[in-house]
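There's a structure below that I have some questions on.
To keep things simple, chains are lettered A, B and C as they appear, and every chain counts its residues starting from 1.
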Amino acid sequence: MSVATRTKSFSRSRRRGRILNEIFLWFVLFIFFIPVLWIILTSVRIRSEINAFPPVWIPSGFSFDSYKILFGMPTPEGAFGLGGSIPVGDYARNSIVISLVSTLFALVLGTAAGFVFARFKFRYKNGTFLAMMLFRAIPGIALSLPLFILYARLGLSDTVPGMILIYVALNIPFTAWLMDGFFRAIPEELEDAARIDGCSHWGAFVRVDLPLALPGAAAAGIFAFLTSWNEFALASIITRTPASRTFPPALFEFTGQFVSDWRGMTAMSVLMLIPAVIFVAIVQRQLMEGLTSGATKG
Amino acid sequence: MSEKKKKVSRREFLKLSGIAGGAAALAACAPAAPQAPAEQPAEQPAEQPTQAPAVVGKPFAGKTLRMHAISGANYDELYKLIPAWEEKTGAKVEFVFKGNGFETDKRLVQDFAAGTVDYDVCWDHSSFFSQYVKAGGLEPLDNYFSEEELADFIPSLLDATRKDGHLWVIPRHFDISCLHYRTDIGIEKPPETWDEFKQMAIDITKNNPGIFGTQFAGKEEALTGRWYEIQTAEGGELFNEKWEPIFNGPAAVKAATMLAELYQAGAMPPDMTNYLWEDVATQWVNGIIGMYTEWYGWYSFFQDPNSSKVAGKFDLARQPKGDAGIHSGWAGHHGFSITKASKEKEMAADLIKWLTSPDGNRLEAKLGFLVSRQSVWDEIIAEAEGSDDPLAKKRLELALLQAREDFKTPPLIAEWIPMSNIVYPILQQIMLGDKEPQAGLDEAVEKTYELMKEAGYYG
Amino acid sequence: MTTRPLAQEAVASRRRWRISLSERHLPFILLLPSVIIMLLVIGFPMLYSLYLSLTSYTLTTAQNYDFIGLKNYATLLFDDPLFWASFGRTVLFITLAVNIEFLLGLGIAHLIARAIRGQSVARTLIMMPMMFAPILVGFQFKWFFNAQVGLVNNILYAITGEPHFIPWLIDKPLGFISILIAEIWMSTPFMVVILEAGILSLPQEPFEAAEVDGASGWQKFRHLTLPMLLPFIYTAMAIRSLDIARAYDVVQIMTGGGPANRTELIWTYVNRLAFTGQQFAVGAAMSYITVIFSWIFTWWFFYNVIKSRWAGGQS
């Protein structure tokens, strides 16, 4: 199962193949990484070199003005094409709070739902499960206007709880489906043993199933977090002000009708990537562990 | 199960929307009860405009005015006048939304449709206001602005937002198309007609490697509008008096054919059909365009050597004429409107007066905007006499001339943007050679007829 | 692979679950919050737009519209070649994207799984595109494919020494290929993650046996890896097919469906019609037609999942 032991079992004669494999891998990764590099580079370039023709390959210098503007520090040029200061702190707070809280709720509810689908038998179970998955197939743009009207009536538009609710709903189906697979992968004998030891079903769930399913929850959590973190169609309609606006619609604000601040946009993108990278880097080992335990198997 | 749930959420929904008091959109949801009982705040305040000045000094003390405004570029500078107004009136201004023009328009359309307007003043535009009027979102301004108060505004601007016998928008600044051409690549004099324009564009491309003769914004309303102004110059009309689309006549076909010929001759950048305003300006400042029609509003950007390779290397001219002898300039203006939902219309009008005052105009004129008051124009033209920029005065005089004589807005109907939405992909097809001009415009006319019919124009 | 109890035991243990009354209600109590939230946030708006799709509602006539039955649907289905063109293009887009993403994903997953060191770093790197908001991907690739100052043409310029102004987003197959590339860049990592998980969970014994028998790499892949990976492949491709509406953000920003409808997908068309064109009812009808098609697909897919998972059988 573990990669290390498997690697050892390969014979030495394969070494050259391995090295080729390594070179090829890092080459492919580099290709995939170009857009990331490009974003970072653009964010610190001198403005006149960004859209220059003929292209300027070697920057004549670097400028951190875009970051300074984002952090409200004075710059010689000032904010370009954008009125006033950019409430990047508010956006960051909203994005982090909304993504984390909605992920948490989606995990709790999705785990509960997955547990039910994996362990209980009841009428209309298949129907309920299918209905949930059908909800997943609906794209944001089809929901946007009716949801906007509903939210305005309920007083939820432009609020953080409103956004959390949306992302919880969007993430429950996939989470439930993944967790259903994880619970299924746990041998029922373990649970039965716990029951014999006097645990209630609830107790068995908490003591046996849940700890074993945790890596799976981490995997589901990554997907849920990234969905919320990057969602644009609904966020751009429901959020209006820094009270609830998240990063993706805020990125869009850098494009004007007449002027766009590409460098500012890339700078904010870099800021937006940092928490996501940290989150993924921390959880990616659990992700692999979780996914290999069988959740994604049909 | 889903039946039961549906009932619950419907009931909750009815209850909560009753509390919210927004009857309009509820009617949309429950068609049985269209005119719900909630109070209609629209009529009352209009009839008692004399109550406001009761408090001496600070007439709106303690009140909050909510505003839905455009933001970005230099648009926010004007809002620096707001603290002084707050000081004067005792009111407080709260921005419920700020965004670029397209975004602001999108939000307004949605808010008026959904009945979710919770602000008093909104940004408005001459190309867009007809939609808001049709949706019932705006308050007529005639009762809030006297004849004397309006007298100073350039008349063509006010006319551009009069509809159904009412004035809907107070203009803040305007813009109009103007021919920009390079003086460093052998253009001796600007083209007088669109025929000359076409030939020159092709010649410039031939004689100057690396430079395209011309360009246009190539999608959405920007493309439809550019085509519209050329076909107007050629003597075309979009609609007849019965609002039937007639833009498949010779003038319209000629305009579309010109766009196609220029594109296919390589006299315009190959990815032009993906350009919007910003992109054409970028190409221009990169120095790869010979001449094109552009808004005045970019001027300071174009003349800034830090951002522009063509600073000091271009001149301006009135738009070319067409066969009909018309110099048509596509024009539009930004302004402010009062929402029908506002409960503080007097206060809203007061803020609009403050922002469109001569002081507001002067502040915006300094940023390069073409402002809305004639008296301020006299001042800034006089000021431009002393400028070191030789173009400064010419620019202003030309703009004023165009505003008075060539000012041409798109048709003042709510269907302008939906219509453009039909027309522009077809214009693109014509330019890219997927369709013949006549066949394409016939199709566009047919679809537009359907649109207008659905909208109830033909009885 | 995972061990499962015999069928009878499973039935017996499940029967025990149903003994007490409170436990009989447990599934409903556990499901209820999810159901309520989803009905509120997704179910209700969908019903509302279903209702609107049967009316003449436009954004400027929101206070005054008529019930017109299935007219919007009929117009789209029988009288709008653009709808069918966009629909066909969307299906082609999904098919190409999902298959190419699968092949690339499988290749990269293999490379990572066989890497000697740096696996976590490689995995984090390859997941970078998943961390990009789709609108950012759109802006980025729009810029890459810009004819004048875009990265792709600039690289060609640097290599050949002559300026190239290839209009990537405009020319007929190129525009479609460009949006496809952006989508593939954005979504291949998802495939990599799922398929790598599959590769890592493969049992060792059959491979060792095959090695002893002197099987070639391709034979091992063809007869061992691929069949055992099938459940993962199935899952990853199906999830991607359902998720592809995410490509809306990317395409909307890169081309907006243009020029001349050459890159028009269903969702850019819905946006152009429902919001820019104000004909919300028609847009809602179009959403419904499309959603119903993807529901049929979802139903088919999950029906099979249910069958394989809940029949208690091995996948």
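The rule is short, and it goes like this: contacts are C-beta pairs under 8 Å (C-beta built on N, C-alpha and C of every residue); 3 or more make two chains touch, one makes a residue touch a chain.
Predicted, not measured: the structure shown is a model, and the values here were computed from it.
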Which word fits the touch map of the chains here: line, ring, star, complete or other? complete
Comparison of A-B and B-C (more C-beta pairs in contact): B-C
On a CA-centroid basis, which chain has its centre farthest from subunit A's? B
Take the average of all CA coordinates in subunit A, do the same for subunit C, and state the distance between these two points in whole angstrom. 15
Determine the centre-to-centre distance between subunit A and subunit B, using the mean Cα coordinates as centres, and give it in whole Å. 38
Contacts with two or more other chains, residues of subunit C listed in rising order: 35, 40, 43-44, 48, 52, 148-149, 163, 275, 280
Can you list every residue of subunit B that touches 2 or more other chains, as numbers and ranges? 1-2, 13, 25, 28-29, 110, 113-115, 282, 286, 288
Multi-chain contact sites of subunit A, meaning residues that touch two or more partners: 51-53, 128, 145, 149-150, 252, 255
Subunit A contacts subunit B in the complex at 47-48, 51-53, 81-84, 124, 128, 131, 145, 148-150, 152-155, 157, 237, 240-241, 252-253, 255-260
Interfacial residue positions of subunit A with respect to subunit C in the complex: 1, 3, 6-7, 9, 18, 21-22, 24-26, 28-29, 32-33, 35-36, 38-39, 51-55, 57, 109-110, 112-113, 115-116, 119-122, 126, 128-130, 132-143, 145-147, 149-150, 165-166, 168-170, 172-174, 176, 180-181, 184-185, 187-189, 191-192, 195, 201-202, 226, 229-233, 247-248, 251-252, 255, 262, 265, 269, 272-273, 276-277, 280-281, 284-285, 287-288, 291-294, 296-298
In the complex of these two chains, what residues of subunit B are touching subunit C? 1-2, 5-6, 9, 13, 24-25, 27-29, 31, 106, 109-110, 112-115, 131, 134-136, 210, 218-220, 269-271, 273-274, 282-283, 286, 288, 414, 417-418, 421-422, 425-426, 428-429, 431-432, 434, 454-455
Complex contact set, residues of subunit C against subunit B: 35-36, 39-40, 43-44, 47-48, 51-52, 56-63, 65, 67, 142, 146-149, 163, 165-171, 255-256, 258-261, 272-273, 275-280
Spell out the residues on subunit C that touch subunit A in their complex, using ranges where they run on. 1-5, 9-10, 13-14, 16-18, 23, 26-28, 30-31, 33-35, 37-38, 40-46, 48-49, 52, 107-108, 111-116, 119-120, 122-137, 139-141, 143-144, 148-149, 151, 154, 157-158, 163, 185, 188-189, 193-194, 196-198, 200-201, 204, 208, 230-232, 234-236, 239, 242, 245-246, 248-249, 267, 270-271, 274-275, 280, 284, 287-288, 291, 294-295, 297-299, 302-306, 308-310, 315
